[in-house]
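Taking it in order: structure first as structure tokens, then the write-up.
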Amino acid sequence: MPVSSHELIAGFAEPVAASQQVFRAALKVMSEPGTLVETDYVEQAPKGLDLSTWQLALSLLDPDTRVWLSPTLAANDAVISNLRFHCQCPLVDAPKEADFAIALHNELPDLAELNWGTAEYPDRSTTLLVQVPGLNSAPFWTLSGPGIEQTRTLSIAGLPETFCADLIKSRQRFPLGIDIFWCCGNRLTALPRTTAIKAGMTEPSQNDKETC
Amino acid sequence: MSTATGYNFAYLDEQSKRMIRRAILKGVAIPGYQVPFGGREMPLPHGWGTGGMQVTASVIGEADKLKVIDQGADDTTNAVSIRRFFAHTAGVETTEQTAEATLIQTRHRIPERPLKANQILIYQVPIPEPLRFIEPRESETRKMHALSEYGAMQVKLYEDVARFGHIATSYDYPVMVNNRYMMDPSPIPKFDNPKMSMMPALQLFGAGFEKRIYAVPPFTRVESLDFDDHPFEVQSWEEACAICGSDHSFLDEVITDDNGSKMFVCSDTDYCGDRVAQGFVGSAADLPIAEMETEQ
Amino acid sequence: MYVAVKGGEKAIDNAHALMRTQRRGDSAIAELSVDQIRQQLPLAVDRIMNEGSVYDPELAALALKQASGDAVEAIFLLRAYRTTLPRFGYSEPLDTEQMQVERRISGTFKDLPGGQILGSTYDYTHRLLDFSLLASGEAEVAPKEANALSEALAAGNSCPRVLELLNKEGLIEQSRENGEGDQTPRDLTREPIDYPAERGVRLQNLIRGDEGFLLSLSYASMRGYGDSHPFSGEMRTGCVSVELVPEELGFPIEVGEVLLTESEMVNQFQGSKDHPPQFTRGYGIAFGRAERKAMSVALVERALRADELGEEVLYPTQDQEFVLPHTDCVSANGFVSHLKLPHYVDFQSELEMIRRLRKEQRAGDEGMIEKEQEADV
């Protein structure tokens, strides 16, 4: 699909500094899983992408990263044109081939469809970016593992139950696994494959004040 | 902001930085696992900190305050050289104070002052593979890591115990990270090993020639290998620092005359200077040598 | 003593100023220009380009000047510069059959289409010092006819490779299966090596490798440390055009030409269940007039194919995990020279350990003596 120039928006105003700052935010949440940070280095995102998803893409993607998009995003001219123009990343059809997968919360791929890496190269795995309708620190999930001194709580709205169950179960296959960035508005957190998740009792709320 | 003309901020081009950043994120997600990365040629030789420099160049931003130490000291020639490199190519503020630094690049030491959350410690690593001297083949060690097959290292350490009554490794002492990967802590003295465990700061490791990056996230368990009947222990000195009187820091031995007389001083110059500023004194406080030290 | 390590910054500045003065030498003697180096030390310049992985004789000559003639230091300078260059694209594969040959030697056939061309060489010179150079006399200029090529080559025809002549009879392995396209080689300077490395990566690694190390390894492989009985099928030197397909054009355009030396070695091979007996190949190519380098690469390259050809790997010369990571002069030099950096923390750790072990051993010995004395009483 060619780039539609009328859909193109500006990327980072100061690409070198902003890429570094967004990477540091990504590094912070990946090394302290469940921590929430906000990134504000762009005015707008292509229609269909949240600000934090777009900033991660600008900071981490380039011609060397193969990217898979969930169906709605893959059919979105604004998303594709801007990814092509700003990141020049090749888009792939099969999630297994993707270095990065970007998905909406209601059209998540099965975890099993993604690349989990191999025992000898567990790093050669898909990094998943999920756009969700709510992300806050309400006690829904209780997290523990590297990067968390005792426990940390996190609430993510709009996830299918089977996906949650698969994610919790995936920890048994460490060091294989999927590392996930969760994006909501300008807000961002991450759960690497090392984070153990204990599910809570109540459904996370989308109307919570703290929701992005 | 002054940066070297003709080069990008912090020397590396943006595509190289992105590649290194992605490797760092994977390293953080798989603590202790060595992520292969497309290591770039740096304008310093391999073995002189090119791995640490590539990590620093990819992590550093205008708001950072950088400290660089070699052997614990800010003023050793290689530390000076690397600090200048980033002051020149990134125009960032540098500091000698551990507490003030946001990024600390180090060769062979962890600072004495406990590190805090939001600080990042970047180690220069010459040989990242803890099993290298047991098995020189990368294809073999990769399998050993995949299978958690670390018996050969236990055997090697136990041979020490049988011969010397101790594990005779005194630096570059292997550790287990998060109970899964055996990791080379870089050639720090084993004195520093306990500081790695449950450290509030993020620890990143870069090996230039071997093209590997690895990481220990904050609050991650790092255990030095040992045996029930021969538990891990760190070095201790009968002497105290001649300058600040510290009896709990890592000491360097300094030969003071042709007869081989010696004194001991803190290897961490910032820590030592801080203690002197607080009024602590060592046995050599009245010697001219210590005065020259504090003048600087 | 402790104070001596202070003031590192000043010491570094002084050391570099001294180095620059030393490099210039006696200022009463005219300074060497980069052009002079490029024109009059071309073989040194070629080595810098090869191991520096940049085809730019001017920059290589500059590096050589800046490095006081130290090849390894000059290669390092060029490499560090290379890293910062943007990558515009990848060229089409070079076609060395289309080379404008200036020298071509086969050790396997007395005569062959295109002919043997001795060209310019140090071979067959008697290594007698030429004192006329000391007296700065003018060099003798070669007569025009010294440069004569065969009629066919002079007419601009392509020059077939010798080993392709063997191929017609099926006596030598194919470098690729019939109909198989060109594989895009991985770029060693952008991706780390995985073992076992494929042939394209091994060749890249060797071509960037230290000439002396490769020369010695190839020598070892012919002295019994490797099952190598090579013939030099062909060695040729000349210019080859470089073509690039720009995205927006979609067809190749010539962007320049490079001077290359190519070596193809023929090796015995016993054959196996799947393959009839036939010769195998070792391949080497290098920038400039770098015959020693191209031949060494071809020999070591062949030795490293032991595994894929089903030969027993018995010697370091056949072991890619021994050869490949240790060929690079920039890395090797960095690691050896890093021993000049302070290591006193680690050394202090070793001192503490050895003192403790000795003390315990002494205590143990004394304990034994006491026990023996007690037993005597």
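Worth a mention:
Order of writing sets the labels: A, B and C. Residues in every chain begin at 1.
The rule is short, and it goes like this: contacts are C-beta pairs under 8 Å (C-beta built on N, C-alpha and C of every residue); 3 or more make two chains touch, one makes a residue touch a chain.
What you are looking at is a predicted structure, and each value in this text was computed from that prediction instead of being measured.
With centres computed from Cα atoms alone, the innermost chain of the structure is B. For the interfaces A-B and B-C, the C-beta contact count is higher for B-C. Taking the mean of the C-alpha atoms as each chain's centre, subunit A and subunit C sit 45 Å apart.
Separation between the centroids of subunit B and subunit C, computed from CA atoms only, is 34 Å. Those residues of subunit B in touch with two or more other chains are numbered 8, 36. By the touch rule above, subunit B contacts subunit C in their complex via residues 7-8, 11, 13, 16, 36-43, 45-48, 50, 70-73, 75-81, 84, 107-109, 126, 136-139, 164-166, 168, 170-172, 187-191, 209, 211-212, 235, 237, 250-256, 265, 267, 289, 292-293, 296. By the touch criterion given at the top, residues 8-9, 14-15, 17-19, 21-31, 33, 35-36, 58-62, 118, 142-143, 145-147, 178, 180-181, 198, 200, 202, 215-221 of subunit B touch subunit A in their complex.
Taken together, the subunit A residues at the contact with subunit B in this complex read 15-17, 19-21, 23-24, 26-28, 30-32, 59-65, 99, 118-123, 125, 127, 145-149, 174-175, 177, 179, 192-194.
Within the complex formed with subunit B, the residues of subunit C that make contact are 1-3, 5-9, 11-12, 76, 79-80, 82-84, 86, 189-196, 321-322, 330-331, 333-338, 341-346, 348-353, 356-357, 360.
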